Amino acid sequence: LLNSVRPQVLPRYVWWLLEDAPHGDVTSEAVVPEDAEVEAHVIVEDDSVAACMDEALELITMAGLKARATVKDGEWVRAGTAAIIIEGNARRALLIERTLLNMLTYCFSVATATKEMVSRARSVNPRVRVAATRKAPPGLLHLAKKAVVAGGGDTHRLSLSHMILIKDNHLRIVNDLREAVMKARERAGFTMKVEVEVESPEDAVLAAEAGADIVMLDNMSPEEVRRAVKLLEERGLRGKVIVEASGGITAENVRKYAAAGVDVISSGSITMNPGYRRVKMEIVKVLWGGHP
Amino acid sequence: LLNSVRPQVLPRYVWWLLEDAPHGDVTSEAVVPEDAEVEAHVIVEDDSVAACMDEALELITMAGLKARATVKDGEWVRAGTAAIIIEGNARRALLIERTLLNMLTYCFSVATATKEMVSRARSVNPRVRVAATRKAPPGLLHLAKKAVVAGGGDTHRLSLSHMILIKDNHLRIVNDLREAVMKARERAGFTMKVEVEVESPEDAVLAAEAGADIVMLDNMSPEEVRRAVKLLEERGLRGKVIVEASGGITAENVRKYAAAGVDVISSGSITMNPGYRRVKMEIVKVLWGGHP
Amino acid sequence: LLNSVRPQVLPRYVWWLLEDAPHGDVTSEAVVPEDAEVEAHVIVEDDSVAACMDEALELITMAGLKARATVKDGEWVRAGTAAIIIEGNARRALLIERTLLNMLTYCFSVATATKEMVSRARSVNPRVRVAATRKAPPGLLHLAKKAVVAGGGDTHRLSLSHMILIKDNHLRIVNDLREAVMKARERAGFTMKVEVEVESPEDAVLAAEAGADIVMLDNMSPEEVRRAVKLLEERGLRGKVIVEASGGITAENVRKYAAAGVDVISSGSITMNPGYRRVKMEIVKVLWGGHP
Amino acid sequence: LLNSVRPQVLPRYVWWLLEDAPHGDVTSEAVVPEDAEVEAHVIVEDDSVAACMDEALELITMAGLKARATVKDGEWVRAGTAAIIIEGNARRALLIERTLLNMLTYCFSVATATKEMVSRARSVNPRVRVAATRKAPPGLLHLAKKAVVAGGGDTHRLSLSHMILIKDNHLRIVNDLREAVMKARERAGFTMKVEVEVESPEDAVLAAEAGADIVMLDNMSPEEVRRAVKLLEERGLRGKVIVEASGGITAENVRKYAAAGVDVISSGSITMNPGYRRVKMEIVKVLWGGHP
Amino acid sequence: LLNSVRPQVLPRYVWWLLEDAPHGDVTSEAVVPEDAEVEAHVIVEDDSVAACMDEALELITMAGLKARATVKDGEWVRAGTAAIIIEGNARRALLIERTLLNMLTYCFSVATATKEMVSRARSVNPRVRVAATRKAPPGLLHLAKKAVVAGGGDTHRLSLSHMILIKDNHLRIVNDLREAVMKARERAGFTMKVEVEVESPEDAVLAAEAGADIVMLDNMSPEEVRRAVKLLEERGLRGKVIVEASGGITAENVRKYAAAGVDVISSGSITMNPGYRRVKMEIVKVLWGGHP
Amino acid sequence: LLNSVRPQVLPRYVWWLLEDAPHGDVTSEAVVPEDAEVEAHVIVEDDSVAACMDEALELITMAGLKARATVKDGEWVRAGTAAIIIEGNARRALLIERTLLNMLTYCFSVATATKEMVSRARSVNPRVRVAATRKAPPGLLHLAKKAVVAGGGDTHRLSLSHMILIKDNHLRIVNDLREAVMKARERAGFTMKVEVEVESPEDAVLAAEAGADIVMLDNMSPEEVRRAVKLLEERGLRGKVIVEASGGITAENVRKYAAAGVDVISSGSITMNPGYRRVKMEIVKVLWGGHP
């Protein structure tokens, strides 16, 4: 059932395949001989950073096919590279083809977008981290985080269960930032960090004073970010908190935010709108049972 | 369990929420009073075409919240519009917030990208259809198709079980286009159409002669497409087949393909890389139990 | 999720509906207005015994429709009777129509076939019981047993977990009927009865002597059955065991077996081949949103 | 998890087995040695057409047993034939025995009933197709369709998601056949065929004129069917539509309908009431661990 | 999917692992090389009775690891014994470690507590049975029963579906013990035993006279139990019913109840509060890929 | 489906009920009238701390019953208190009775054991935290953590996905504590804390120097713990790390560990062996349909 250390993705594969083939693959059943065996290559069509290779191999294995990867998570892969070599029953390979490619396209696109943002950010601030948010097509959060890591990024919190993050919607209910942080500190387990999203440099100071481990500067301009960092330094709080900038940060403006002296830059677009690295599957050899 | 006509999405909601909150929402549990009641608005942040509104309402209802929509699938929504008004327990609203927004962002982006491609294509060919492919983030095929319809597009086949579509990988096994089409005709049920993907105008003619209902001109230039259409006309086959152009068609070049005289243009990018229409949730009123 | 005392059927409804509508009901979505409300009747087309009415109501309720039954499990229903009155959204009613009717057809057919066999058997032996086997279309064992009860029959064991039943295949491994029964007696919990399937009157005696609670006379003629009963009486064992006849018993020959003096007659055909009591759904009124 | 190209049946096997053995097989656990190994044969007891052999092999394999089939889907199998040879742990074989046989009995019965109806129909009209409906015990639709194909029949639409089929209940809401067909044409994707169920020869003409791809003559006598076909011919519409007869067609009267000149004859009884082809499992050899 | 005769536990393993690793094991992913291979031992830390060994092996196998057991269900295992030897990928072993140990701890504790109660009870009444109730941590009923059997106990009914057991709550509704038993007798299948829970020796007689197969003396003192047994003997009913004592029976007082002449003693504490037999996993050898 | 903010427990309820009633509740179906309505009380039988009240209410609600709680999580409840008042269909109440009580017994026992350990520990060290481990019956981790919080304890990490915790088994592979911590620091996201389990006071210093956020002193005597704390103070590291004591800490010796100056004491027994707080359900009134 598992054959893997990834209980978190396997049950989904069944749902993905059921969605794409609720009553099987009528084309293969009509034209492909039942016992045809093929060698198929998964070919990367745009230069990209590889990601989620193990998850891909598992999907293929689950379908009773043999597969080996020629690249590893995090590697740059040139357009034209056969990243995975598959061997086995033709109908099975065709059944999973689209699901497999959809998964790889998403993961490779995320990893590539991440890597690009990381290199831009680090070109001006070598210690800065680029982190994912929880913005991703629904059901793909886990793959998104894996791909971000492959691209050199940071997962940020993996889910709502992972860390306290007090945001504007919470403050609209609780109304007092200081009290919210203190309540969180007290109620949160000792294993959990507490982060607070703030809208102004002054609130950043407030949050740090109240005991936040991480302060997220939300939707500020690079200048405001810089001012917030400075204010924290002046109050002697800079060493006590991790400072994260978030909101509207793109490949275009990331350098300015990095240069403003934050520790972490988080970006929704790397997982929600990472572009489109194409991947295709090609049957390169009919090993058995094809038609001459 | 259902409360809806959509058995195809409901079981997924549980998986989506489990992924994003495997052990609950530690932040709300720490800082939001258990009995706080709020009014929250789902606000569209970029002009977009609405899509999957019913699916969104169901997710909200499933969580025990009340919701009503102010817009309908297919409508253009201005930035700033509150598209859904939610009322109920604050913790529940915060638990589903990100999953809901991720779903709406994806659906609205797909619908908007589709509508844009449809208007460009129809500006030169008023009867042409823009159709989706099966390229979409895994597990989101059904929502993708719904959003394409909201944007004025055509679903194309809903899954591998839906229609015969003979592609290059099949032909690498079967080797004879004509034989493949005839076998498909014979084995496919009378309810199924048969489509063939071809690489040249000549093969388009072959496929049509062999009895294909639909011919997909794959990765051809607009000129080749035009030539294929002409060839089919010359052979008296144009009226007998639906002609689809596919492969590398984007908002930029779609007019040329539309002008080439095809019936259908399909695009992977509208569902795999539809851009990023932002949607946010804002708590606008604390109805009960907040802190003064 | 449940809304019922039947956890054993509810998760299946989701699978049944997913199989029949993996991507929704394309017809209703195309031609039926989204907000149309109807009254629909489930009409019995052949005289039958009602069964599984609660299970039917749950399926309808799960889809967000209102329903009430006019008949109860076990009642004879005349052809033409509207057994269930449904009110609600038209698309939802059409989505579940076929699944609902398929379920009712199966259950009504089983209950009717059971009732017929019961009355024939009891016409000659008023205390005899007619029992189901585990022969039923896969996944329908629970409904089958419910329908048998509605028809006046006995469920027999509900599953492999329910009672010890030593059959010929076990004896081919264990080789010694006496030893098998004694081992079963010793290992089985005190809550479990032990039944043994035997091929001859002599083995029936052996089984009873070894301590079986129930002896199943398998594939014997009515005469052999009579001889087995007599043999058990002669040895003073008749009062200690329940005697069941099984194998090839049909509505045609059931009287002879009943007359042979057994306590229980079991039949595979009442659940595996119960005939076909037709049931249909008819929209009798458009309450809202139809076209004039 | 899959080991197969059939995501559509595998998750169900778990549910089927859970229903029949929610707490294991108490009999085998009591009397069969844990490590006993056997050879078991699945023996066909009535002449039948084989069907769903791959699905059967998968169920057996899932339970950790080895199996090979001696017959193929669509073949006539003589009573007495060992259609599947199983080897492995005795307890496992006994655990799946009944589920396996229930599945095979259903599939073989459907395939056989289909083949009989096909040969009768084709004896008078060699090009006619016999098609399944969606009438089948709930949860068995997919297996039913596979078995119909094995028997030489046509699947008809695989589910509600597959094709537009406008029926009487839709028309009770929409009220105008012509408008319904046109709306369907417009809203349905270009990949979907549109079928209309009609109650009179005149409506058949109307449906064909409105653009239906398929016209279903519902519950008409063979004479009416003949008249409908003639009317369509006279209007020059016969070549443009596929004509299907449906409703109350049985092995007894199928020849008359076939002779009436339709393209397709559909039958609910071949999947809902296919008779009862018996199949049994017999342990033929104890390979290891039995009792002497 | 199965690889076993235990459909009843396998789907749960996925849920257990998802709960403990919803997004994988972040520690191993950070510090353990992906391809490290280890030998790990599951070591029993307190003298205990082994139980659920097969279920443990299956969990390990499901994770793609090799395993063999050195002990069998029911055996006494000395502290320090390596009960299972595991070989394979280090990350996989670490992923399942805690789930595996939690399962074994529970099962070994139950089996040991059972065995202790069995030996005490049998020291004064060699034929008495010690039986489990349905009291167990939710979701663990099946494992609890297996472990009780390993400890020499009796499963009692496996679930609510297994046997009629009329308790005080039923009698509060039905109000008449005699009528309840008779109704049960009549409605229950012939395969089911009927047990009645009674609060006084007089009711025990009533229940036996009404036809109960088993009488449960609930929350009586040993003296009352003795009196109930005597009363049944005097009325000539002792041979017709199985007598069970239940309620507040612990290792301390079990001998008195056993000596009172009952057939069965049931205990909630052996499954709900069985103590805590510790089990740990130790990596004893790094076969490949560790750090020197 | 949800009706709650707890996607993490709801799907399990279905499995729990399926395990305990795979084919329904045969007793209620035999003796309790279908439409009987009752008021039932969930009564606490031993003084205990309430926990998981919301989860309990949800299970009851899921079954279509009304319920209200009279106590809150964390409150001391006296023996005899009716903690939940249920109203509704009698059969439904009886169906969930045991599952509900099993859950509450487990949660109340854990909360009570936790509260007792917390008060003992805090009697000597008012700031010390008592934390859970991941030792709990499988599948109950989430409820265990909730109950620990109700008892005033700390959840510790919620799952393997939550925090880095380097243990002895990791070090057997990696071999170098310092390197392991640094690798973890580097690879772990900025949201994650890093904890290290150490076997000696010297290793505690090493871990703190290497940058661990938390140091777990494993299986040390109170004296060794004291020495480790002192050593950390001498090196100026005490303020930089949270110090946790773990291994063999029970209600008996917890004061000594608390007095040794640690921040956190973790205990497996509070979740794996929490004792047995009894809870029962009593039908107190028959509102409708009982027998006079």
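Some notes on this structure:
Should a chain be cited, it is by its letter among A, B, C, D, E and F, assigned in written order, with residues numbered from 1 in that chain.
The criterion applied here is as follows: contacts are C-beta pairs under 8 Å (C-beta built on N, C-alpha and C of every residue); 3 or more make two chains touch, one makes a residue touch a chain.
Please read these numbers as outputs of a predicted model, since none were measured by experiment.
Touching chain A and chain F at once are the following chains: B, C, D, E.
Each of A-B and A-E has its own count of C-beta contacts, and the greater count is at A-B. Over half of the residue-numbered contact pairs at C-D are shared with one candidate from A-F, B-D or A-B, namely A-B. Chain centres computed from CA atoms place C at the largest separation from chain A. Computed centre separation for the pair chain B/chain C is 44 angstrom, with centres defined by C-alpha atoms.
Distance between chain A and chain C, defined via averaged C-alpha coordinates, is recorded as 51 Å. Each of the following residues of chain B touches two or more other chains: 1, 8, 10-11, 18-19, 21-25, 28, 95, 142, 158-159, 161-163, 192.
A complete topology is adopted by the chain contact network, contact being made between every pair of chains.
Residue ranges on chain D touching chain F, taken from their complex, read 18-19, 22-23.
The residues of chain B lying in touch with chain F in their complex are 1, 10, 13-14, 17-18, 21-25, 28, 62-64, 89, 91-92, 95. Partner chain D is touched in their complex by these residues of chain B: 129, 131, 154-159, 161-163, 189-193, 195, 214, 242, 263-264.
If you check the complex, the residues on chain B that touch chain A are 8, 11-12, 15-16, 19-33, 36, 38, 40, 90, 94-95, 97-99, 101-103, 105-106, 109, 134-142, 159-167, 169-170, 172-176, 179-180, 183-184, 187-188, 192, 268-269, 272-273, 275-276, 281-283, 286, 290-292. Considering their complex, residues 1-8, 10-11, 142, 145, 158-159, 161 of chain D touch chain A.
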